[in-house]
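Structures follow.
Look for subunit A in each of the two complexes below; its partner is subunit B in the first and subunit C in the second.
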Partner chain A sequence: MAGYLAKRLLGLVVVVIGVSFIVRLVMYLIPGDPAVVLAGMGASGEDIERIRRQLGLDQPFLIQYLTWGRHLLAGDWGQSIVSQEPVLPLLLLRLRFTGLLAIAGVVLAVVVGGVMGIVAAIRRESSLDYGTTVFSLLGVSIPIFWIGLLLQLCFAVRLGWLPTSGAGTWRHLILPACAIAANSIAILARMTRSSLLEVLGSDYIRTARSKGCGELRIILRHALSNALIPIVTVIGLQFGYLLGGAVLTETVFAWPGIGRLLADAIFRRDYPVVQGAILLIAVTFVFVNLLTDMAYAYFNPQIRYR
Partner chain B sequence: MPISIHRSATAEDPPGGPDERSNATVRRLLRTRSGVVGCAIIAAFVLVALMAPVLGLWSPDTQDLLHTLARPSWSHPLGSDQLGRDLLSRVLYGARTSMGLALVVVGVALVIGTFLGLAAGLEGEWVDAVIMRAVDMLMAFPSILLALAIVSALGSGLLNTMIAIGISAIPRFTRIMRASVLALKTQEFIEAARAAGASDLYIARAHLLPNALAPVIVFAALLMADAVSIAAGLGFLGMGVQPPTAEWGAMLSEGRVYMRVAAHVVAFPGLAIMLMVLGFNLLGTGLRDALDVRLAD
Partner chain C sequence: MNARHRFLIVLGVTVSLILLGGANGAFAATAQPQRGGTLVFALGIPVTTTDPGIGSGSLVQTIRKVMYESLVWMTEEGEIKPLLAVSWMLSTDKKTWTFKLRQGVKFHDGTPFNAAAVKATFDRLLDPAQALPRRAEFSWVRSVEAVDDTTVRIITEAPYGPTLRTLAMDSGSIISPTALQKYGKDIGWHPVGTGPYKFESRVPEESVTLVRYDDYWGGPRYLDRIEFRTVREDATRVAMLEAGEAQVVVNVPGTEVARLQKDPRLRVRLDPSTRVAHIGFNVHRAPFDKIKVRQALNYAVNRSAIVQGVLQEIGIPAKSILAPATWGYHDVNMYPYDPNTAKRLLAEAGYPNGFETVLWTPEGRYFMDRQTAVAVQGQFQAVGVRTEIKVIDWATYLQVLRRPLETNETPMYLLGWESGTADAAILLDIVFRSEAAPPKAWNTMFYKNPKVDEFIEAGRRETDETKRARIYSELQRIVMSDAPWIPLYVYKQTTGMQANVEGVSVLATEVLLLRDAWLRR
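Right, the complex of A and B next:
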């Protein structure tokens, strides 16, 4: 396990370097001059030139990248052009909100999707099973920002049960969490069902049945513990995708997470925030994927020794 | 997402030329339930997208400021939007935008991605290493995030949206094609061709490409679904196709302000996105079963 971990961590470092390279490259390719934006309206040519030199924009790309990388490692992620705040603390503050939303989404997806999948597998070919199949087909196809709008319309505007948008209390969390979890609930329901059905057909389940085990005990103790391996992988992947989907959900619900920060920063051409946010989300995504793989290796020894 | 591909026995494909084989595939596709429903949905969308200008609808851009946010009626079957434009017409023209965009993006990404995957799988060594490291890095971003990053640099608009989505789609094709090529490369008929003195280029064209194409086709249908939903997401954020072009995501973002008084303005464009994505997902699932491809995570 230690060797596998070391190998994966090394791979992680390489990917993170690559990701930061791509982020910087994309920012480098921006048509127009960030120095002009920074200097503001009515700045003289000298001002712009001074800012360009300060930011190192007169350097070749590789030098710029290395300097930027050194600053990143030292915790200096630059300053927001709009608010003049340092970028890193701003990002970390917003990431907490996104993390809260993503965790709520994953918990919801695991509970609701898991229960639906288990019920569908037990009552195979029943109307409950078909219902789950149809639900999960629609669930993976529904745009999360649209379901967000519908939830808002129904539960906040019409019924008035929950706040429309913003953050603060746990009641603010419910609608965005439901919206962001919609796709994942569908995927987990389908995955749990198929993985459980595969296990339920195996010999040791028949053995458990023949020795007189109760059906519920068979499902929960014997079948689910083995069906869990692929499910864990899907949960990890979903968590990563929730981070990406956060941009849309947070925009709908005015949730003060990193996704909304990113969307706002793009509109304001606040490039230090844009590149910091993209980098942080991508690195979190890569890290979550690594954790998922570790969990998978932990549950399934075959992977470790390959 | 590590992808491995299993395609049961290329040697057992039905005899006959490519035409007969693809006919057999279509027949098998229409025998799966998801294939039939998916084909029907997509065919309907293609039809209305092509026919939109000749259906005798209102123009999608004609404003009628005296009848804004009108509820569905005989003259406006889906109602009208905040500028009094006919919503049915805008939804159908939106199908044109989304379908066209997804087709071009996935088509171009398929060609480039397949070529790179073929090169990586066939050449091996440093070609493989360079291509696959680049692929790993691009795939380290959730696709909507990569598209956002690219759009934030290039600016919004139809072409930039297409470039952004295309760049996030290419590595997926590359990875899947490479996996197919690696699986095929060790098979006997490739060895035989090599022994007979065939060049790499010939082997790639005559043997690898036709035999490795099945998973790529399945994947293309699924990526069409992704392209439609990412394009709508970018449009919704105001960073995709720009108004007044009829685009579903942009329509939702413009209409959400009026949601309280006129729910139909957000209901129908969203429904359209969901149906089109559903159609491509079903088509992909149907093709997967018909071509007997397993895309395992």
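Right, the complex of A and C next:
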């Protein structure tokens, strides 16, 4: 197990270097110059040149990348080109909000999606099952920002129960969490249903039934624990995806998450922020995947890692 | 109480009456203002810095303008009024401006406002080592001198017509010299000005909160706090307004204006801006090197149809390269919608069957930008010009437009220039001077007319307003007939407010003045 972990963590280093290099390279290759953006419309060519020199953007690509890497190893994530803000505190603050939203979203998805999936599997081909299918289809196919706007219009503007946007209290969390979870609820409901149905058809369930086990006990104790592996995979993937920042939800609800920061930084060509954010997202993604793999071993003792 | 005491009291009362009187004269309020409350102001962009030396959009100027003050200010009507300076005088050689400063003014940190503070502010802004992006706006200043405590001289390289309008911009904000010394480069988030509200707190990229400054020289203003919140999504800002969470929201989408105007709890203001949406030609690229082709396309666009159909009346058809709200504007009105003339001119230029070309446009930078390009595409088609539309993201757009002529691939592009001073000079300098061709500045048409250069220079140097106006009207006629641009329309600014918000001014430069704002209970 320890050896496996060490291998995975080594892999993490490779991923981080790879991701940061590619991101830097792409940012370097796409047109658009942060100095021009920063200088503003009225600036002269010389002004732009001066700003470019000051930011070190006149250096060759590899030098820029290595300088950034060296500073990072020394614990310096650099400063935003645009606001001169130190990158790390900015990112950590954002990551906290994104984490909060992602956890709320996943909990909601697991509870609602899980229950819907279980019910649909037990009452197979009933109207409940069909209802779940329709809901899932809508949940997957309706654009997330539109769900967000509808929720906002209904619960904030018309009914006035919840704030339209922003962050701060638990009331601010409800609408964005629902919007962000809609997609995951749909996927989880489908996944739970099909995974459970597959297990319910297997021999050991028949055995359990024939020895007179109660239906609820069969579902929860025997079937679900074995159906969990694919479900956990989906949860892990969804969580990673939500941590990466759901830009659209964050934009609609003015939620101060990392996704929106990243999108803004890309538009402004704010390299240090883009690199830092991607790095942080990549690392969390890798860790969530690792945790997911660990969870497999927990749920199915037959799975061993070496 | 002896006679001397009584005299002092009378004197004190008189002085404060004069101060209050001055204040009321400077900012006439609409009704008896009530004190208290927080004004939440939702804007669509993050506030990256409050440093007046760094540009970050007109909306951020709105924030700076409540914390900082400049020597003079500009009213909604574009007039220049005294602010930190009470009066000024121009020398006979028109190169030295002498300002008498307001007395008894204190910065938020207690530092007294005086001539030294003005000098320190401009010395910093003009210092090349600071590399402040907005230094360029003051390149006409040779030096700033403190004559005595309350007198400042600004000496210019040459007579400069738009001096006062430039000083009224946020880049002319006077900063506390103590704070400048203490914070240096970090002044952006330690702003210390003389304005009626002072900085309280912020959440990076999310919000900035200001609190009333009780020692304000004009007497304390009305709101307890002003909170600026960054809300990217237009629809969300509208939702905040409707839910009563925001008192003022900017850039209400044109599609929502009519609906919101029907809501008795709300008010939507439509104010003229100085932003002219236009199509620019690279005049060195065939077929746009032919003046008749450029004129033909000016005739080919139906401006009022675009304003009606695309902009939903959130603008007016453009009749010159400048906006009516810009000082120096002249209604040239040279190109009525006339597809037949357009076709004739195209034939005369050697393109009886039109040609194929590409129109570049950003998307989402200006209200209905790409949609406007599509409308223009259709109108060009009607005179035989087959246009492909190329959408380019904003940061890239800025860079590719600014490539020098040899590497510049732009045939024709859509852009919306505004004038930060609401004066013709700055735009003409940056965009129409032949020397301003990229990479130097923004003459991205590579337009060159010696006569125009001459007029631009003359307009800059003329300090007599009547003569200046005459120069600019002639200049606009020349540029319009050379047609390096198709001016399309002038935007209106759309601001949504709760009906109880009073005392807000909207400048043509897209800056809102909130210093006299108050909330009716």
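Here, the second predicted complex is superposed on the first by the 257 of 306 C-alpha atoms of A that agree within 3 Å, B and C clash if a C-alpha of one lies under 4 Å from a C-alpha of the other, contacts with A are read in each partner's own complex, and residues count from 1 in each chain.
Just so we're on the same page, a contact is a pair of C-beta atoms (placed from the backbone, for glycine too) under 8 Å apart; a residue touches a chain by one contact, two chains touch by 3 or more.
These numbers were taken from a predicted model, which means no experiment stands behind them.
Participant: Have a look at where A:153 lands relative to subunit B and subunit C in the superposition and call it first, second, both or neither.
Facilitator: both
Participant: Taking the superposition on A as described, I'd like to know which of subunit B and subunit C A:143 touches: first, second, both or neither.
Facilitator: first
Participant: Considering only touches as defined above, state whether A:23 meets subunit B (first), subunit C (second), both or neither.
Facilitator: In the superposed model, A:23 contacts subunit B only, not subunit C.
Participant: Just checking: does A:198 make contact with subunit B only, subunit C only, both, or neither of them? Give me first, second, both or neither.
Facilitator: In the superposition, A:198 contacts neither subunit B nor subunit C.
Participant: After the superposition on A, what does A:82 contact: first (subunit B), second (subunit C), both or neither?
Facilitator: second
Participant: Please indicate which partner A:268 is in contact with in the superposed arrangement: first for subunit B, second for subunit C, both, or neither.
Facilitator: In the superposition, A:268 contacts subunit C only.
Participant: Between subunit B (first) and subunit C (second), which does A:90 come into contact with in this model arrangement: first, second, both, or neither?
Facilitator: The answer is second: A:90 touches subunit C but not subunit B.
Participant: Check subunit A for residues that touch subunit B in one structure and subunit C in the other, and list them.
Facilitator: Common interface on subunit A, subunit B vs subunit C: 30-31, 145, 149, 152-153, 157, 251-252, 267.
Participant: Once bound in the complex, which stretches of subunit B touch subunit A?
Facilitator: Interface residues on the subunit B side: 1, 133, 136-138, 140-145, 148-155, 225, 229, 232-233, 236-239, 249, 252, 256, 259-260, 263, 266-267, 270, 273-275, 277-278, 281-282, 297.
Participant: In the complex of these two chains, what residues of subunit A are touching subunit B?
Facilitator: Per the stated touch rule, the residues are 14-15, 18-19, 21-23, 26-27, 29-31, 137-138, 140-143, 145-146, 149-150, 152-153, 157, 233-234, 237, 240-241, 243-245, 247-248, 251-252, 262-263, 266-267, 274, 278, 281-282, 285-286.
Participant: Show me the residue ranges of subunit A that touch subunit C in the complex, using the header's touch definition.
Facilitator: Its residues touching subunit C are 30-34, 36-48, 50-51, 54, 80, 82-85, 90, 93, 145, 149, 152-153, 156-157, 160, 163-166, 251-254, 256, 260-261, 264, 267-269.
Participant: Can you tell me which positions in subunit C touch subunit A when the two form their complex?
Facilitator: Residue list for subunit C touching subunit A: 46, 48-49, 54-56, 128, 131, 133-137, 185-186, 188, 203-206, 229-233, 235-236, 239-240, 242-243, 245, 393-396, 398-400, 402, 417, 420, 426, 430, 438-442.
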